[in-house]
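Each chain gets a letter, A, B, C and D, in the order it is written, and its residues are counted from 1.
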Amino acid sequence: MKKIINNPENVVQEMLDGMVAAYPQYVRKIDGFEVIVRANAPIKGKVALVSGGGSGHEPSHAGFVGKGMLDAGVAGAVFTSPTPDQVFEAIKAVDGGAGVLLVIKNYTGDIMNFEMAGEMAEAEGIKVASVVVNDDVAVEDSLYTSGRRGIAGTVFVHKIAGAKAEAGGTLEDVKAVAEKVIKNTRSMGMALTPCIVPAAGKPTFTLAEDEMEIGMGIHGEPGTKRTHIMQADDLVDHLMEKILDDIPYKSGDEVAVMINGLGATPLMEQFIMNRRVSEILKKNGITVYRTFVGEFMTSIEMAGASITLLKLDDEFKQLLDAQADTPAFRQL
Amino acid sequence: MKKIINNPENVVQEMLDGMVAAYPQYVRKIDGFEVIVRANAPIKGKVALVSGGGSGHEPSHAGFVGKGMLDAGVAGAVFTSPTPDQVFEAIKAVDGGAGVLLVIKNYTGDIMNFEMAGEMAEAEGIKVASVVVNDDVAVEDSLYTSGRRGIAGTVFVHKIAGAKAEAGGTLEDVKAVAEKVIKNTRSMGMALTPCIVPAAGKPTFTLAEDEMEIGMGIHGEPGTKRTHIMQADDLVDHLMEKILDDIPYKSGDEVAVMINGLGATPLMEQFIMNRRVSEILKKNGITVYRTFVGEFMTSIEMAGASITLLKLDDEFKQLLDAQADTPAFRQL
Amino acid sequence: MAVNSAELIEIINLIAHDIQKNRDFLTELDSAIGDADHGINMSKGFKAVTEKISTMADKDCGSILKTVGMTLVSTVGGASGPLYGTAFMRAGQAVGDKQQLGFEDIPILLDAALEGIKMRGKAVKGEKTIIDALEPAVEVLKSSPMDIKLMNAAVKAAKDGVEYTKGIIAKKGRASYLGERSLGHQDPGATSCYIMLSSTYKAILDRNN
Amino acid sequence: MAVNSAELIEIINLIAHDIQKNRDFLTELDSAIGDADHGINMSKGFKAVTEKISTMADKDCGSILKTVGMTLVSTVGGASGPLYGTAFMRAGQAVGDKQQLGFEDIPILLDAALEGIKMRGKAVKGEKTIIDALEPAVEVLKSSPMDIKLMNAAVKAAKDGVEYTKGIIAKKGRASYLGERSLGHQDPGATSCYIMLSSTYKAILDRNN
């Protein structure tokens, strides 16, 4: 296991310490908890956004704590959703009286832990609402299963719902816009290599030197198929076909694009992917309003990437353009 | 070779296309050249900054083209410095009449190619000055050799000299502040894995599963020693000792810190390093003014990281705080 | 049968011991259709439980069970933390402040546990979850007057339930993302549930002999 | 000896051919103490050169050499592009608009090339660079009246210079970062320089016989 760490048991704690040491102007940590909140939390009268999940997806979620996005990020053990008391602590720390929106990725564990935290908070008189992000088209959606997974599209929810809250939206407003983002966001990813959970010390799965996995989840969950490594353009064609067909996105639509590196894939390759994405969108008569390329929702040091499209309307454009100032996402 | 690319011959061209497609609000490409310039270049009356080098260090340098940093980034083949005509084209495209500063990393090839471009530009009546960044303390400095290499500290030169130019500094002012940054910046890095130049298809060197290389260069140049993988804290102690002793940085100093991931090393590990860096600085009575954690000067998909310290004075603090708005570096 | 608080703690410690013993086995099952952490999660939680309840011998049975539940909730995380946590908390509520438990309490507390898991996880039988082991056991326990033989039959029903999970597609939890590929694998959560029931039975049997 | 423009182009094509033939060898040398691209860089540049000068048989010798230099500068990159590019450009300036070159021109153009490399790279002999092959050759050429035998001696001096680079520590270029670890390795740039001189000698020898 080639990692720059000390004791694998302490990675989350030490990471959060290092993050707070780096960005005291943005964030602080709640003592005794793996919870990162805005340096100036709680903000009186503003709806607060709390997100989180297992660690290993950095900069998600604590990296997006700051003006115009989240008020708290809760960090579970690597790839394990945080417990309700951690989330509860986050809710209490950021509630400014206007209520708290929980942004949850669609994993059974995350939903149950965040729900319990919400119940605890409501029992103390805090208004709580929640949304569940499920953007990954690699998994079929169905009412009778756990549905689709939540992946990089979550960051668009943080951005847009965060901007709505910053602009003075009520809890109902912020929840409504978050749900609208979820409805209009689709993603799909692929992996070239597995990653290693520090406490495990070895990869959970293996891929041969010439293999890749399409539709891989951000915790190493299996995808839709394992194939020979494809050329970037063919790969992007495949992912884009699945994504475009899903909502579907149509000619005349305007979108925001996110190319998200999973950890070990360099920007060079992400840009090569984006080149093809923009070609395909153009060919389909879809206009790109803004593009985001980089690491937003990673899988530790997995090599691979995901593509996310968000279908825009005027409200979205305005909120997407709004200022954001966080350790990992800034917009002037 | 596990990469998301098409033909290895075209990676630089396709990367730049993908970058321009992503960030038209920031940058455009000069047709027929591997040159990225500010969308609104040239800016009349402003000193322009041109940097560049071999590709494979993304987001360096084109990612820092934008308000408050560079005016042009020139992208050579992977790990090969660009030719003078490319740099010359960049200089011509961004000169706004106030002259152009070339920010060169200290590699023989880069220096000669940029120098020749400077001569070509001067022959056309453009005022050109240049600085050479040499922050890597892993290599001994000497007048009688090529001296130290230029690595991640280059980004501090972009930031501070870029802010000076944006604030209306003359070519002499901007060059002077760039040289002052160089004098006060020291870095050192390490690698856990090699990287693969796409055209070569295989790593230039190998490291055993339990080995790391300390003082590694950003093109895979050998470092000061190859050792058994160390714990993060021990590793940081070693790098920091070399860095602190070099200038030296002393009790009472104020610094900016950059933890720079080389490509495959996740933010989690970078934050774990920063935790120790901040401890060491505190112990030495050195105050941290600002910290930057992320990927700034990479080695394609190399796993590893470097630490950079910049010793600050009031002018530096003001310029470091100044607004910047580029694809890969933003500050409100 | 009558189990006082001290004895209840011993039974829970035996469960903790058996979970610990099966840590790698459960993780291995989870690595086939999940994310390879079920054994790690559960043993972390029960280690905390053992510590937490070690000083509770003077407390009532309901409080002990509720403490187990709360400890699991606040240490395990993932899916199994809230599920087993809720189960133990509901079981504790069901027995109230009793100082000792008899055979007749077992169906009551396990039924409450099952309801808690269903409420929390919104799963039903046949979705390849804990419920596929627990619900058949509870059904057996409710079918006749309670005794040690019925308890044995309930454990056997749980075991059959685990076996049954091999032949079905996961519809809930992380394994559901595999679709058809979850076929042929035994569910980790159903397995840990069977282990806990079986430990309880063995503890009671030991005490009865 | 007298070489007209068409013949000069042939000589340069032979150099290009020999560089191409030694592409992997040069790259291998560079991989030991540099970044494994010298052969790739040089053969890319000379491929472009061959194309560029193919239509220049009616131009003067100085223009042809300058075109070689400019083409190397604009296609090679790295350290060797500006160095060899400057060398050829300086050589072209030295011979001016001559329509043919004689023996007496060889020391003049190579001396100009050497000075160009020194100016551009600021290296001196003994630093494990191109200069360790080129300077001894130029010294031999300047030591007596020029003829084919002296040319042969110059190529031999270049070869000795390549040999000499094995025993010294690099002080310039990328290999200098290795410090003592550069000992024992032959310098790629000195080697490509020797190859080019040797190709030139062979071409002239062929023509003279």
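The working rule: a contact is a pair of C-beta atoms (placed from the backbone, for glycine too) under 8 Å apart; a residue touches a chain by one contact, two chains touch by 3 or more.
Since the structure is predicted, the reported quantities are computational estimates derived from the model, not experimental observations.
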Touch-connected components when chain A is not counted: B, D | C
| item | value |
| --- | --- |
| Distance from the mean Cα position of chain D to that of chain C, given in whole angstrom | 80 |
| Whole-Å separation of chain centres (CA-atom averages), chain B against chain D | 33 |
| Cα-centroid distance, chain B relative to chain C, in whole angstrom | 56 |
| Chain centre separation (chain A, chain B; CA means) in Å | 29 |
| Where chain B touches two or more other chains at once, by residue number | none |
| Sites on chain C at which at least two other chains make contact | none |
| Chain-level touch network, classified as line, ring, star, complete or other | line |
| Chains that touch, pairwise | A-B, A-C, B-D |
| Chain C contact footprint on chain A (complex, rising order) | 54, 76-77, 79-85, 107-109, 112-113, 115-116, 139-140, 144-146, 149, 197, 199-200, 204, 217, 219-222 |
| Residues of chain D that touch chain B when the two form their complex | 31, 35-37, 40-41, 73-83, 86, 120-121, 171-174, 176-179, 181 |
| Residues of chain A defined as touching chain B within the complex | 2-6, 11, 14-19, 21-23, 55-56, 58-59, 63, 192-193, 209, 212, 229, 231-233, 235, 257, 259, 263-278, 288, 291-295, 298, 300-301, 303-305, 323, 325, 327-328, 330-332 |
